[in-house]
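This is the structure I want to talk about, given as structure tokens.
All chains are identified by letter, namely A, B and C, in their written order; residue positions are counted from 1 within each chain.
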Amino acid sequence: MTLAQRGRWITIGALMLLAGIYVRALRFTPVELTQGPAQKIFYLHVPAAWSAMLSMGLVGLASILFLIMKDARLDRFAAASAEVGTVFCCVMLTTGPLWARPIWGTWWTWDARLTLTLMLFFLFIGYQVLRGAVTDPRLRANYAAVVGICGLILLPFIHLSVYLFRTLHPMPIVLKPSAPSLPPEMLVTLLLSFGVFTLLYVGFVMQRYALGEGESDA
Amino acid sequence: MLWARDLSHAFGAIRALDGISFTLERGRTLVIFGPNGAGKTTLLRVLAGLVRPTRGSAGVEGGRRAIGWIGHQSQLYGHLTVRENLRFWGTLYDIPAGDLERREGELLSRLGLDARAGQQVRTLSRGETQRAAIARALMHDPSVLLLDEPFTGLDRLAAEALGRLLGELAARGRATVLVTHDVKEGTELASDVAFMRAGRFVAFGPRGSRDAAALTAAYREAVGSA
Amino acid sequence: MRELLRHAWLIARKDLQLEFRSRTALASAFVFTALVLVIFEHGRDPTAVPTIDLAPSILWVTFSFAAMLGLNRAFQAELENQALDGLLLSPISRTSLFWGKLGANLVFVALVQVVGVLLFILFFNVPVWRVWLPFLLVCALATVGFIAVGTLFSAMVVRTRFAELMLPVLLLPFLLPPLIAAVAITVQLFAGRPLSESGGWLRLLAGYDLVFVSLTTLLFPATVTE
């Protein structure tokens, strides 16, 4: 089976599992006391954030390795990971407000996690805009790797600065998105969801990478 | 002198250089003819150290300090005067202050730029700019000259003058590599000739007594109609 | 190390010489700064929000955008006549080249900031002079890291088509930590609190600067080698 085909099977499998998770979430997991059914979106929102971070982490790692080894495949992988990461960021950024509105009465809040994801989204967009603007493949790979590494190193600083800002300017937060005191069924559902989203990441990247291979050999 | 050993440059599916090897001694002038896209400029840039090869190696005796580059871009700063440009580039090559002024003066008069020395480069004509670029390249007295299509955009007189100058420089013991796509231009200067196509040398050897016509014929045969 | 700094100084001096001759980027940045401050001045309602609360944000946003205007200048001049190749061919190290560019950019931004602060005091009537030394420190700390990233990115972006647009797009996420920190500290300073109370923020800025100046210096060769 080619890479693209394998990737497609994994993705389909992951999506089916995702549907399964939702059946579990809607039927078999208790409804959260204060938030009500809207809280169910949590199982999409948080793992999406995890996948987005995973994407960025791997973009950064692949970029470092590329600059050392100069292997074009690493560059192709980074490009695939960045695209997939953008998608997950979008999921996170749309489910966030959808969740926030019924719970907090506001579409957006500048809490540490949302802000970080928004900046991550901008980093991904910038990365891809740069890739699109450079025609020479070797130059493009070098440039992308530089931006990828800088972006990865930036993330902890963004987190730190927003966190510092928040502790000094406390904002009215009604509920913490992922309180550690989750009943076991919810925790299991959440962990399963993490697994599924990781699988989705793998499936998407495989397909995108295969596409990239086809493009450059053409 | 300079050398290349099994030089290759590839990225993904694109292969710009494919196993180039040669040596060039002092006082020899190698002229490389090839169509656009043959990899001539890439080869020159690898020799200069601007591009790192993916396989093989290349080197110039004396390192970067020994290289002088003349291309069709002047590498000068438009808003600085000719003299200021020469001064800047000379200082970058660590030429001691006393020698700096002397060499400036020598090169300016040698290349007929005395009148223009105090003018900003952006006010010069194409021919004058090219001469200023040559002065810049020679400031640090390089023992190796790399020339990338230097005759581009020059009129007949300027091209002839450049040819004469290059001939003098070669006679003084410099190793020169000149790449061009026009067989007529480089023939007189060459002591050695190479034909390049798709990243490879399809022919390499001394020019011997062949003239431009003979070389053109040989070129057509080796490279095909280009 | 001394060689490194000496060469960097040569590059920076040349850059500043060029900028003062052509004055294009500097003039734009000055005008832009004045314009933005004027607009902010007229766009606010002093009875609704006290000036002193809004002022630091206005100042820092203005600084950031004005700085970005000037960043592309650094490598633009090098592309004009391919002078960048000349710099890469010369014996100076890539680090010297980068630090020279960074140094020139910092001087440029410092000049714009001086003008900005003067206009700021004029329009917004904030007591900067009382805390001018800590304020100076904050300005320096907040600017260095961000400009280092900007210099690195401008080296890449200058060869793309929409350079002026591309640079802000890439750079904005990197603006967030120093901007938040600078505004937070400035607010404290204007409110009369001692600098020691902003210890956390200062450490963040110092860490950011250290990490990114090192990282950008390390990564710069990748943007100019092929």
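In this section, contacts are C-beta pairs under 8 Å (C-beta built on N, C-alpha and C of every residue); 3 or more make two chains touch, one makes a residue touch a chain.
Only a predicted model underlies this, so the values are computations on that prediction, with no experimental measurement involved.
Of all the chains, the one whose CA centre sits at the greatest distance from that of chain A is B. Looking at which of B-C and A-C shares more C-beta pairs in contact, the answer is the pair A-C. Distance from each chain's C-alpha mean to the overall C-alpha mean is smallest for C.
Here the spacing of chain A and chain B, counted between their Cα centres, is 51 Å. We define each chain's centre as the mean of its Cα atoms; on that basis chain B and chain C are separated by 39 Å. If you average the Cα atoms of chain A and of chain C, the two centres end up 31 Å apart. Listed for chain A are residues 138, each touching two or more other chains.
Looking at chain B, no residue sits in touch with two or more other chains. Chain C has residues 225-226 in contact with two or more other chains.
On the chain C side of its complex with chain A, the touching residues are 149, 152-153, 156-157, 159-162, 166, 169-170, 172-174, 176-177, 180-181, 184, 200-201, 204, 207-208, 211-212, 215-216, 219, 222-223, 225-226. Within the complex formed with chain B, the residues of chain A that make contact are 70, 72, 137-138, 141, 216-217. Of all residues in chain C, only 7, 10, 14, 17-18, 21-22, 77, 80-83, 85-92, 225-226 touch chain B in the complex they form.
Chain B makes touch with chain C in their complex at residues 45, 48-52, 63-65, 67, 69, 71, 73-80, 84, 88-89, 91-94, 120-121, 136. On chain B, the positions that touch chain A within their shared complex are 11-14, 54.
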